[in-house]
Structure formats: C-alpha cells, structure tokens
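Take a look at the structures below.
In the two assemblies presented below, subunit A is common to both, partnered first by subunit B and then by subunit C.
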Partner chain A sequence: MTKTVYSLQQQLITRTGLLMLIVFLILSAGVWDYARRAADLSYNRLLNSASLSIIERISVQDSQIDLDLPYAALSMLELAPDDKVYYEVIDHRGQHLTGYTKTPSPTNYHPNSEPIFYTATYKGEAVSWVIQSKRLIAPTANGWVVIKLGQTKNARHELSDEIFFSSLATLSGILLLTLLMVWLGVRRALQPLSIISENLKSRSPNDRRPLKTPAIREVTPLIDAINNYQQQLLNNLQTMKVFIADASHQIRSSLGGIQGQLDVTLQASDIDDIRSRLVNIRQQHKKLTRLTNQLLAHALVTHRSDSMEPQSIAVNPLVEELLTEIVRDHAHTQIDFSYTAEADNIRIPGDKVSLKEALKNLLENAVRYGPENNQIDIILRPGDANMLEIIIDDSGPGIPAHQRRQAVQRFSRLSADASGSGLGLAIVETVIQAHQGSLKLDRSPSGGLRVVIRIPGARL
Partner chain B sequence: MRILLIEDNEALADATQEYFRQIGHPLDWTVSVEMAERTLSWDDFDMLILDINLPGRSGYQLLQSLRQKGKTIPVLILTARAEIDDRVSALDLGADDYLVKPVDFRELAARCRALLRRERGAASNTMVCGNLVFDMARQEITVNDQPIELRLRELQLLELFLKNLDRVLTKEDIANKLYTFDEANTPNAIEQTLTRLRKKLSDSSLHIKTIRGLGYLGHIDD
Partner chain C sequence: MKFLLQQLTLIIALSTFTMMANAAQTTDPSSSLIIFSATDTNAMQPIIDAFKKASPELNIHYQEFQTNELFHAIQRLPEDQLPDLVISSAMDLQIKLVNDGYAQPFTDPVTEALPGWANWRNEAFGFTYEPVVMVYNKPAFQGKPLPNTHEKLALAIRNSNDFFMNRIGTYDIRVSGVGYLFASQDEINSSISSRLKENLGRVVANLHCCSSNIIEEVESGKLVFGYNVLGSYAIKYARTAPTIGIIFPEDYTLVMSRVAFITRQARHAQNAQSFLRYLLSVQGQQVIADKSGLIALHPGVDGPFTYSRLQRDYPLRFKPIPLGPALMVYLDQLKQRRFINEWSNAILYDVFVP
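This part shows the complex of A and B:
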C-alpha cells in the first residue's frame, strides 16, 4: 500500500453528501422565502377583508362622518388570538377620527381605493399594516377617508414556520434517501474491484490461467489488461528460464575450462610450460569475457525491445559513427572497409542503442570470421515499400545455405574452434524483430557472407 | 607524466599499477572519491583514470565537481556497467574517453596515451605519436629517430591527420584545409599525396585507413 491511500467509496459519498448539503441549503433558503410570502399573503387577505368591511361602514350623516365599527370584521382577525390589532381612521381633512393615534403610514402615500400593505414598527413591535382610502362625495365632506389597520406578526410567523419546517422535513427525507441510494450504488459499483482483488489474492504464483471475467462490461477491459500483463510476464519468464539455462551452461563450461587450466598450471614446474598454459588461460578468459559481454548485451536488447518507445533514428550518422569506431579498433589490420549510402537522411523508428549494438555485432562478426585482408562493405539502400535495407558484405568463408538457419539460433556455433559466443546473431535477430524487420543471410559478391537487414522506414 | 587511478577493486588496481609500471608510466592509486579529492588537492596530475562504481560518492560526482571547478584535466572513465547509455552521460559530464570493464591493458594504455598526446599537443610544439615525432615549430618529422623528408603538401596532410586522430576526414575536409579556393584540387591529387605519405611513413605507428565512401581515418597504434 502506498502512503496516500484513499477510499474511493468514502470520497464519492463525502462528495455527494457535500453536494446534497449545498442543494439542501439553497432549497431551504427558497422554502423559507416561500413560507414567509405564503403566510403574508394569507394574513394580508384577512387584514384586507377587515379593512374593507370597516371602510364600507363609513358614511356621511348630517355633515358628520359616521363610522359604525363592525365588530364582526375585527373578530375575523381573532383567528390570530395572540396578536394585537390596531386601527385608525383619518377623515377627509386629515384629522384623526377614531382608533389609535399616530399610527405609521407608508412614505409618500396618496389616498387610493387600492389597499397597500406594509410593515412598520408600532409601540415597539413589528406590525403588518394595510392602508386603504375611500372617497367621500358629499357637500359637507368631500375627500379621502383613510383607514389603517394593523396586526402584530405572531400568527404569521407561526404559519410561515410551520410551512417551512414541514417542507424541510420532506426535503431532508428525500435527501437522506438519495444519499442512501448513492451509498448503495457506489458499493455495488465497486464490488467487482474487491472480487478481482480477492481473485488475485487467492491465486498461486504458478497459476497460469487467465482471470475469469465477470459479466460486467465496464470491468472487462481491466480484466483483459491484467490478463495481458500476466501473459507478458509469463512469456518473459519462460524466455528468461530458457536463457538462464543456456547461459549457465555456457558460463559454467567456460569457468570449468579455466579452473582446470589453472589447476594444471599450479602443478606444472617448467617455466615454459607454465607460460604456455597461462597464454591458454588468457585465451579462455577472453572468450569468457566476450561471452559475458554478449550475454549482457543480449539481456540489454531484449529488455529494451520490451520496454522502449520507438524514436526516430537517423541511420546514416549512426552507421558512420559505428564504422569509425570499428575502423579505429582495426586500424592496424589489413581489413578494408567501404560505405555506400544510397540516400542521405534515412530515418527509421526504433531504438538507437539496440540497433547500434546489432550492427556492431554484425561488423565484429565480419571481422572475426573473415581473412586478414578482409573486404567489408556496408550498404544503406532505401528499398521498395518504404523498407530500409542495410547490407553488410564480407569476403570471408561465408555460411553454406543449409547452415544459415542454425547460425541465427542462440548458442549454436557452426564450427567448434570458432571463438564466438554464439550470441551475436541472436542479438541481431532480437533487435531486428523488435524493429519489425527481417534478417537474411546470403552469399556476398566476393563469396563471403552477406547479411541483409530490412527494417520498415515508416511508423507502423 | 603522472596518472591517478581511482579504483576500488584491489586486484584490478594492483594489476593496472604493475602494468603501467612495466611500460614505464607509474601511476598513483586511490580507492575512493574522498581520497582522490585529498590527493588532488596537494598534488598535480596529468590525467585521471576513474572508476564509476565506488564506495561512497560515485565517479560521476567527482567528474562533475572537477568540471564545475573548471578543471580540464583529461578523465578516462572505467565502468562495469554494460549499459551503452552510460557512455552518453559520461561524455556529457565531461569525460574525455570511456572504457567498459574488463579492459585490455594495452587498449587502456593506448587510450591514455591518446588523451595525453592531445593534451600535450595543444601545449607544446612536439607531438609524440608512438615512434613518430612531429616537431611542429621546425616542421620536422622523425620515425624511430630517423628524419623523414616530406613535401609541403604531405606535411600539411600529416598535420591534419595528427590533429584529427581517430576521426573521419572526408575528402572535402582535406581539400578545404589543404587547398585554397582557386587551386586545382582533384580528388586524385589528394589520393596521390596520401599514397606518397603512407609510403614514407610505412614504418611509423600512424595508420591512415581509407574508408571508401566515407573518408580517411588516422590512428596511432602504439
């Protein structure tokens, strides 16, 4: 387990919960507003009908404004038993007529038959008011009579609270239910994961069967990926096993040879004998060194072919650089090298390190198995169908047609006395295969070996 | 000429020391970067042979700190790592050459000589290339202490090769360096000069290889 382990389930639920909470808060604000408006509307209607019935009873008699206060109207307001009711009537001259005095008016009120609702503080309490006017048309009293009717807000608050809390209860119920569904859903969705991990846990390392796929479309790619990965590992393991067996054989034989020679040398007393045996041991040791280097090179190219992303390689400078190194290392010999590039700027996708190792092996083979006055030719030729041909010719003994297949195989040497490791062409083959190319052995114009490598030039 | 070997494998170091003593270039030996730094602080060396995998700090770190301090002392890297990529990073960090273990002592000695030659050639007027000695100030050549008579073109060509050892020179490179623009310089002329030069220096340590299709490469085999 890594240190930053987190639970997907917990995270999903926490995030959904948080989202729900936000939704809940927004909805609550909405419900609160709605409840207040609903309560206001209901009670304003009551207030208005009371004010209407009061206003109807205003009449003019004997040049006097007469108000017969209808108690029925006020009793309508008794539906809110805890609230106080205030009223005031003002006559057409603007004089207080009856009721409480100095009740508040809305600012800039123009007498109007339409009722206007407002809230204002009266006697230290928030009071909902309605104001309404009636136009008197009489010779003695001509003008607007204004009535203000107010009621404290306890009942309104009760109503709005009731609406608010009951809505809130429903809302919470729905949200909790949703959260529960999400929780169940997440658990259900993540269940295949635990099934897979149980499967994997209970598997023995030697189990080569692929994992069983549960019939869930979303999970199949994961299972396929795991199975692919397992198959790849198994293949590698198999290759590795065979390789280790071969390599152990080679190394042990070499070491055995050297040890035997050392033992015999220790027994010898003649200085010339010892010297010649030491020369022998050095020879053996050189072979072992080469074998080790080739084993490591083989491991390297195998590993790289499995794991490297192809990059665009400029082939001409690669071959020129390699040729320079080889010529430098064999400058003291009679070997003659030539280079023919039939095109400049040849590029292929691949791994530069591996390709260089492969070509180096081919050139070293050409040197190793050729005569003293060897003629080694390298030809770069853009072939047909976007294939690049790399041809390496030597003037050595060549390989007879019937042995060419065997030559490419690992640890197969065609003659017993050859000093090769038996890995050179296997390395080349591995690299060329990784580049989707082909390797062909043929007869060179001078009768030696011709190696033809064909590698696709374009990205596949 | 003093060489410092930094190598923690005692058997290898011992053998290397013995080999270099036998060929007449005794070398000093330390086993770690820390010790090497101490040794370098009180002594002057002409080059370093540096192992990469060392106890404590790695050879790369020493190389890096040397180059950061602006020291241009030639460094030849020895490593047991087969990864060819190492070469890139070693050369990037300022190593002058690179050998993978196990190394052939003759090869190691030859590479050391090549590095020292390069270093010396820049500093003095005499290049010693195996049995060939080129006195640049007097424009005189000896092979095995025998003076060799060279024509001007041959001398110029030789100097060009000695200054570009182990590198490929194309015909164009040579033509550009040896001939002025309006001089007739058929590729044939270069070929003839080269043939004469090779003949006159046939007993020397200098090999000039022709790589048909690519160019020429000079190498000292000493």
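This part shows the complex of A and C:
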C-alpha cells in the first residue's frame, strides 16, 4: 500500500484560492449588475430632465398645438457626447407633431404624466427611451400629448464599464492581497514543522538533550511528545545496558564458578566431596541455563510479537497442557495447584507459542517467589465485552502496591537478589501488549500476588 | 412655388449625377472616390489636386450641391447611389444626417489633433476654422467708430438709421442653410439677437444667398456693412481689396467648420478614408491654408489662413459651433417654422407701411 504524499501548505493555499475565486465571481456578477443599474439610473435622470424641459414648452395657440423645442433639452443630452438623440412629439389626436417618425413605444402604453423608461431598437441600434405625456385641457385641444425621447447607449456602456472595471480592479487587489496574507500565514503556521524536522535531522545520534521548545503554544505538545518518547527510549536503552551488563556478569561469574568447581572437583578424591561439588555445579548450571532460556525466550517473543499473524488459539487445552508440565516438574514439592475454567472452548486470536511462554513465566514466578507450601490458583473466565481473563494467584509475599508499576517495566528487578533475570514480567508484558491485552498486578485472597491478564476478542 | 423649383433642380442635378456615377463605375470601381460637397469647387479643387498628386491612381468624382440640396439628395437617393464622402458647410444638416445613421466611424490617429468640438462620434469631422465676421467699407467708415461687438452694432444702427438704411447686408436664412445656422447660433449665444434683428429690419437689410455677394457689394460700396459673413472669404477678399475691413466681434465670434463624413453605404470606403485622412493631416491642412482660401483647423499649421494665426491676432473671442445633437434643435419642424417666422417678422419689417 502506498500513501500519496501531499503538501499541506499547497492544499491550504489552493483551497483558499478556489474559495476566493468563487467569491470573486459572485462579487463580479453583483458589481456588473450594479454598474449597469447605476449607469442607467444616471442617464435616465438626464433623459427625464430633457423630456420635462420639452414638455414644458408645449402650448396651444390658435387651436394649434405648438412646441418650442428648447435648445437646453438637446444640449444637456450632449453630456453623453457620443450618443445620438431621437425624439418625437405626438399630439392629442395621436398624430405625429414633430421630430422623428415611427419611434417605438412601450407595449400597452397609457398616457401618463409619470415618465416610463424602456429600451427599444431604432434605426438598427439599441436606444434608451423615455416616454412622458402631458394632459392638455383646452376647448380646442383636449387630450394627452406624448413625448418620446431616446438616446443611444454609448455613454451608459462607458460609465458602467468604468464602474465595473474600477471596482473589479479594487476587488482583485483586495483578493490578491488576501491570498498573499493567507500564503504568508500558512507558511508561518507550518514553519515550526520544518524547524522541528531540521532540528531532528541535524541532530547527532549521540545527542541526548531534549529538543528546545519553541515559544509557540500549539507546537509545545508535539515537542513534549517527542521529548517524552526520546526519554523513554533512552531509559529503555539504559535499563537494557544495565541488564546486559548484569546478565553478562552473571553468565561470566556462573561460568567462572562452574569452572572453579570443576577444577576443585578434579582434584578431589573423596566420593562424597565430589558428589556435593557436582550438586553445586549442577545448581550453577541450572541457573545459567535458566538465564540463557529467559534471554532466548525474550528475544523470541519480541520477534514474534513484531511479526505476529494472529491465529485462533484454544485457550483451555493450552493452559491445561502448561499446567500438566508444571505439575510434573514440581511433583516432588509441596506446592499445590488448582485450576478453574469457567467456560470451555474459549478461543482468542493470537500467537500460541508466545502466549504459552508468557503464562509459563508467570507460573514459574509464582513458584519461585512463593513459600514451600505454595498454593497457586489458575482461573480462566470470560470477562465483559469479549474479554478473556486469566488470573494467577499465589500465596507468596506479593508485591507492595507502590512497586507494582515498576515490577511490570522491562529489565527491572525489585530487589538486588540475583536469582531473577528481570525478564519474566517483561516477557509477559511484551506478549500481552502484542495481543492488545492488559496486565494488572493485584493482591490475591491469600495475601500473595494476583496477576490479572485481559485479552480481547475471546469467542466462547 | 419656390419649394417646387428646388425639387426640380434637385431632380435634374441628381439625374445628371446618377448618369455620371454610372459612367464612372464602368471604369474601375476600386479606384473611384465619389464626393458630394456643398463647398465651392474653387476652394476644394486645390485640395483634390494635391491629394491626386499623392494618390494618382484614384479617380475622384466631385459633385457640387447647395447645402439644402445636398441634404435632401442624401436622404432620397437609393442606398447604392450614395456617395462615399459628404462634405458640407451646413453643420446642422450634416449632424442630422449622421444622427440618422448615414455615417460610418473613422478611427485614425490623424483625428487626435482635432479639438473635441470638431469631432462627433468619430463620424462627423470638422476640418476648417472659419470665423463668422462683420465686413465694412473702409472709406464709408472713415472717422466713424467701428461697431466691434454685437451690442455696439445694434446701437450704431439705431443711432444712425440714415447711414445704414438699405446699405447693410446679411444672409437670407430662408435660402441659405449656413445663414440659418449663423442666425440660430446668434439666438443661442446672445441675449440681444432679437434686438439686432429688429434693427436690421428697421434699416431694410439687404438679404443675400452667399457671403461672396455681400462682400463684393461691400467692396463696391453699394453696401457699407455686411453682417455674419464667412471670415475665410472676407480675409481672402481683403487681401486684394483694400476697401474691405473685417471685424471679429469682441463679445463672441462664432466659428463655423466644414464637416465631412464617410457614408455608411460607401462603396469605396477605403478611398474615402484615405481622402479624409489627407484632409485632416498636417499636409492636407497646409494645402487648405495655402491654396483653398478656407482656414485650416490643425494647430500645427501656420500661415495667414490658419487657426493659429487667428488665435494670435484676435485672442479670446472665438466660439466654435460644437458638433453634436444640439445642432438639431433648430432643424425641428416646429422650431424652424417658428424661428423663420420670428426672423421674417423682424427683418422684413416694412418701414414704408404707414
């Protein structure tokens, strides 16, 4: 499986840019509409004042309607310097009075003193018109005189273009500035990441100082986490070193002891003396074997848990098999074992070899640290939410509550007593973690140690 | 009756032209250029000659009209017989034709030298700068104060009725389009134009068709004063006739410009454009200044018949008539009738009627 790598910075900027483009388009449409309406409004006012000044000059003389077209009417329309002007006056009988002929009217026009604005094509060009009427009340001429005044749209287009493009220029300026700010902001926000990675990259492997915490609140947790992680690694490394030093010391001294014993034994002639010395050698050898086994077992479970393919394990027979081996090994002692399985056929996903090694370690610990007449109880029971609980109680001295946490840590021993390898619980912990389970130390009913293992995914 | 006569001459003129145009077309249509003009051929000929020298391959058909004739001809001719270029001194009629959609735009760097008032919509272009002046007979005004404003002229006429009686000439606006334009512009620009008209009527002003007539009569001494005549003609006459004096009224001196436009229906638009380009260029304007007797508008041209010289000699009085739709106000049917009525009532004042 390959993960596509993407740049957070690029993505942020691209998305912001897209969003802004959409905003820009919407605003542009709005500005365009506004520019058009504003230009229409201004030039319609002009048109209307011209039509008003014409309408004022309509008079009735000798039963004739007369119009003294005011110069100002058309000269004020020259404020739109490049536009053509058309007008027509229609008398109360609907006859053409003066001006251009056959000018267009709005549909369904009823004479009205209010101006009406409309656009209609005249002489092959779009023309903005105003139509307005004046009521004549005279005995000889009674009715509405209609005036139509039109102007081509060059000036309107020019004005609306000017409004549109200047607003657009401002708008794009603002948007570009915003985009720049976003770009700078994103860069600034992501800068700590590159600082941290630079920092990590340029570090020598021997450098154990924690990373410097930058004065940015959002980044502090990350640095803290890195430093914590590093500290843990360093601690583990330290304990591992101590352990290896210890282990090699023990192995060496055991080997040296055995060598010494063997030398002495070779000199001895008394058979009893030889026997007792051989017993000593055997003791030493056993200890050495156990240490070596534990080391190998730890390496094994660590390796297996790293590359574990979970299989379905039948837990009952596994525990029973283990118990059989243990009981057989300790048949000559006074240790009493009990076994309770609250359900048959419990199956969990996991690695059989590691799990067996873990349980074996726990049982051996119970035997080792317990008294002669030790009572060891093993309980298998289904917990809530598909949990399997394995409980191992002993009647040994137990571990005081304040030392339990330390006991579970790898390569640590509670006492300087050299009999333990320091690996027992560490092996268990590794295995349980590989099974996504949990390990808890408690006090058993008989005052000894209770180990509770919970492993999820149990099927009954 | 007069109207009928006008129509008749128009029809004759048109039919002869149509024949001419058809004949011209049979040669090579792409090298033709048809110009309808209401400007003396004498004035235009040097320009055309100079243009021909620059583009000898062109075949220019130049047809002269009266201003009103030209206006009606353009409106009545079928589209395929319209000329390529229309030139007229009747600025108002030209504007009306452009407003009616007879023109096509001409955008060229050469038009940038034009002042704003001489260019409407990049369609109508003024190409001369001709002040509207008063002329007087120098010997007759020996020892008399010259009326150098409209106000002073009105006063002078009122105070010396006998001196001016029958001896002052002006345009008959019923006949001359240019005369009508000048009279209407007086009305727009001056509050005393009615008074002046009344006074002109009181001394029985002689009415003429053309500036040249008025100037000639002033020169001969038959008239002592001419009101509202074309400055270009007056300056030209005054160079050879020492009796002619010219007054550029100090309150305001109207400036007329001859207007050219390319028709929308032009069949030789390319040729019309190159002619118009030449007409507005420094070279063309120099020819106008040097040879045509008209006055060049281009500020970069110098000589006695130029805008620059006039501005230098008579500062702060010129009032060009701007090209624009406002010129159509006095072409309104009712307005025209009313204005001519008023004018007639004032000028044709019959002093002898008891």
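What we mean here is this: the second predicted complex is superposed on the first by the 231 of 460 C-alpha atoms of A that agree within 3 Å, B and C clash if a C-alpha of one lies under 4 Å from a C-alpha of the other, contacts with A are read in each partner's own complex, and residues count from 1 in each chain.
Simple rule for what comes next: a contact is a pair of C-beta atoms (placed from the backbone, for glycine too) under 8 Å apart; a residue touches a chain by one contact, two chains touch by 3 or more.
The structure displayed is predicted, hence computed values, not measured ones.
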{"item": "Touched partner set for A:Q238, first subunit B, second subunit C, both or neither", "value": "neither"}
{"item": "Subunit B versus subunit C as contact partner of A:Y339, first or second or both or neither", "value": "first"}
{"item": "Contacts of A:S7 with subunit B and subunit C, given as first, second, both or neither", "value": "neither"}
{"item": "Partner chain in contact with A:Q403 - subunit B first, subunit C second, else both or neither", "value": "neither"}
{"item": "Partner chain in contact with A:L296 - subunit B first, subunit C second, else both or neither", "value": "first"}
{"item": "Shared subunit A surface residues [contacts with subunit B and with subunit C]", "value": "none"}
{"item": "Interface residues, subunit C side, partner subunit A - complex", "value": "98-101, 116, 120-122, 188, 322, 324-326, 328-330, 332-335, 338"}
{"item": "Parts of subunit A lying in touch with subunit B, wherever the complex brings them together", "value": "289, 293, 296-297, 300, 320, 323-324, 327-328, 331-332, 336-341, 353, 356-357"}
{"item": "Complex contact set, residues of subunit A against subunit C", "value": "66-71, 73-75, 77-78, 81-86, 97-99, 123-125, 154"}
{"item": "Contacting residues of subunit B [partner subunit A, same complex]", "value": "82-85, 100, 102, 166-168, 207, 209-214, 217, 219, 221"}
